[in-house]
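Same chain, two partners: subunit A is paired with subunit B first, then with subunit C.
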Partner chain A sequence: MGKTGNDSFMGHIRPSQIRAGALRLRATFCLGGFSFLAFIVLAITGVLLLFYYQPGDRAFASLSELDSALPYGGLIRSLHFWAGQLMVITVFLHMVRVVWSGAYRPLKELNWVTGVVLFLLTVMLDYSGYLLRGGQESGSAATVGQALFTALPGGKALATVFFGRPSPFNGSTLSMFVWHVFILAGAVSFLQMFHFWRIRRGGGVRPL
Partner chain B sequence: MTRDRSLYSRRQVLSLGRKALLVLGVGSIYPVSRYLRGKEDTLAIARIPSSELPLHGDWQRLGQTRFWLRQGNEGVEAMWASCTHLGCEVSFDARRDQWVCPCHGSLYSRDGQPVIGPAVNPLVRAEVKEKDGAYLLQQPPV
Partner chain C sequence: MDPVESGKLQMSEKVESNGRQGRVLLIELQVREYIGTFLWLGFLFALTAGVKVPLDSSPKATAVSVAKAPWVFGAIQWLLQRWPTWLSGWVLPLLSLAVLLTLPWWGQKVGKRWVWIIFLTLSLVWVGLTLLYMFMG
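Let's turn to the complex of A and B:
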């Protein structure tokens, strides 16, 4: 497991040397890359949505306005939605590929653990995004989520941290908003950088 | 690369990707700028071209919204279908000729006047503005 590339930032992004096998499509199916692509789309469209989305009681109404009254609003919202769905799927398939090719084994175990955390964060992002829509389905999903949380020891406190005020129907989109936009998305972008850095340190992937 | 069996080299694929990104970036300038300059329209919750209005008969629901429309004597009228009791979504029952609230059974006449409680206030009309061959509907502050 020699290290390739050099230690500069650009060297990590575009290394001068890379293992030939790691470039083969069958080695990775580029699933991590697709996940990252989806994340970039999510970040860009997410920032655009922030210009109009209003967390709290106006959540659903502001999204209705975005859909119907803003030029290309529906397109940007749909892109955000579908990129989110795609990311959950590709991240999952990425993990299946890693297990399949045994890429979680020592020297890469830290990156596997990072990846598992990233998977959990991705699912939480998807879930919190679903709640941010502020529709009736979001209220039901929040009720289920809160019930799951409270089943944990100390879960009541956890649920309050995550969902905000007790009522799932009103106001909880505000605390969910902070988690979705700042904490979860921020944690994902930070861990992603670490994840990619570890791939280069580990010398890239071995072919199947 | 040990063996070069592929149609394209890595370099070619990367440069193709760069060009695709450029095209995508330039192509998104127009929709994104339209989107960001669209603030004037956000007062309206819905915009419908005049040609798509239901012009016959009774109250008709507009898509997935709480707006109901009908052609009145003085142009298009819009009803905001939220019960004035606790805000449940009411719907117009054409057979009974009444608005019905599913939550606590409030009934309103076809013009939105309360008939049977618990609601005591009439249904709220939504404001309709005509602009550029389209109707803008505004959600009333309820």
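Let's turn to the complex of A and C:
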């Protein structure tokens, strides 16, 4: 089939026809869609924040200036924060819905595993974003995270890989910034595409 | 009202409309997606406008603020205050994660009802601990 047929990427993600049962609200409660929408809002507001945010020692100062000096700076930061919290909640509720409807069963087991990994990555994104705030609270959260790693054999090296070398009062390091903006966000983007592709391949959403 | 069942959408009827297993045009899903998008974005903007997100305490402040973990790690933090790090920070979270990851396979053996009971119990424990940490510290 050509590029405009169902074998093309868009034809696969957005086929011209779908099952009538997929229209029912009870089929999904739109929770997967809401999670993806939160991710889109996070990506847009995240890019806008990147224009002003400075990781490291200037993290807290740059966020304070963003809040007070830039028009709508505080609004963008708040949108980014709330979209992140809502994404964690909607991804979790999406998992609850999937278990309730039995949509983890074969042939959808790979999509379930992808979904669980996406949930884990979403939680890690939330945590790494918290550390980027650069204040006392994020510094304490970074210290707790480091303590978790150092409880493992060889954990000090692992902690350095993930956290860099934050001061006790500032969790925002270049390492955490790279994890948050590139590695974790990139992994979530890639896995989401795979997740959607698998949903369509499995025959779309079936009603409860 | 469900447009498929009410029969108001002419275009769908041209495709096929014979209950849940029938097929309808994508536009009908898109209309619902647009409505959901507007509602969700409206809620997000209302939340953003209504609840201000405070900045952290300044790292240079002399008064050290009481540290609270981000709420997503509230359950682990609650356990860390009571049990050893290796158990509350690694074994229990990784065990829960393993249960979730392997759910499709052990679920086939125990049946859908038990999967739901086990999943719900696990979720309620973690959500409960998170709430305990958030509101009782």
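Going forward, the second predicted complex is superposed on the first by the 193 of 208 C-alpha atoms of A that agree within 3 Å, B and C clash if a C-alpha of one lies under 4 Å from a C-alpha of the other, contacts with A are read in each partner's own complex, and residues count from 1 in each chain.
We adopt the following convention: a contact is a pair of C-beta atoms (placed from the backbone, for glycine too) under 8 Å apart; a residue touches a chain by one contact, two chains touch by 3 or more.
Values in this document were obtained by computation on a predicted structure and should not be read as measured data.
Of the two partner chains placed around the shared chain by superposition, subunit C is the only one that A:L37 touches, whereas subunit B remains out of contact. Of the two partners, subunit B and subunit C, it is C that touches more residues of subunit A.
Once the two complexes are overlaid on the shared chain, A:Y52 sits against subunit B while remaining clear of subunit C. In the superposition on chain A, no contact is made by A:A157 with either subunit B or subunit C. In the superposition on chain A, A:L70 makes contact with subunit B only, not with subunit C. When both complexes are overlaid on chain A, the residue A:L79 reaches subunit C alone and has no touch with subunit B. When the two structures are aligned on the shared chain, A:Y104 is found in touch with subunit C, with no touch to subunit B. Judged by the document's definition of touching, subunit A residues 20, 23, 64, 75 lie at the interface with subunit B and also at the interface with subunit C.
Residue ranges on subunit A touching subunit C, taken from their complex, read 14-25, 30, 33-34, 37-38, 41, 60, 63-64, 67, 74-75, 77-79, 81-83, 85-86, 88, 92, 95-96, 99-100, 102, 104-106, 108-109, 112-113, 116, 120, 123, 126-127, 130, 133-141, 144, 147-148, 151-152, 167, 169-170, 207. Only residues 1-2, 10, 31-32, 34-36, 38, 41-42, 44-47, 65, 136, 139 of subunit B touch subunit A when the two sit together in their complex. Listed in rising order, the residues of subunit C touching subunit A in the complex are 2-4, 12, 15, 17, 19-26, 28-29, 32-33, 36-37, 40-41, 44-45, 47-48, 51-53, 55-61, 64-65, 67-73, 77, 80, 85-86, 89-90, 97, 100-101, 103-105, 107-108, 112, 115-116, 119, 123.
Of all residues in subunit A, only 20, 23, 48, 51-52, 61, 64-65, 68-73, 75-76 touch subunit B in the complex they form.
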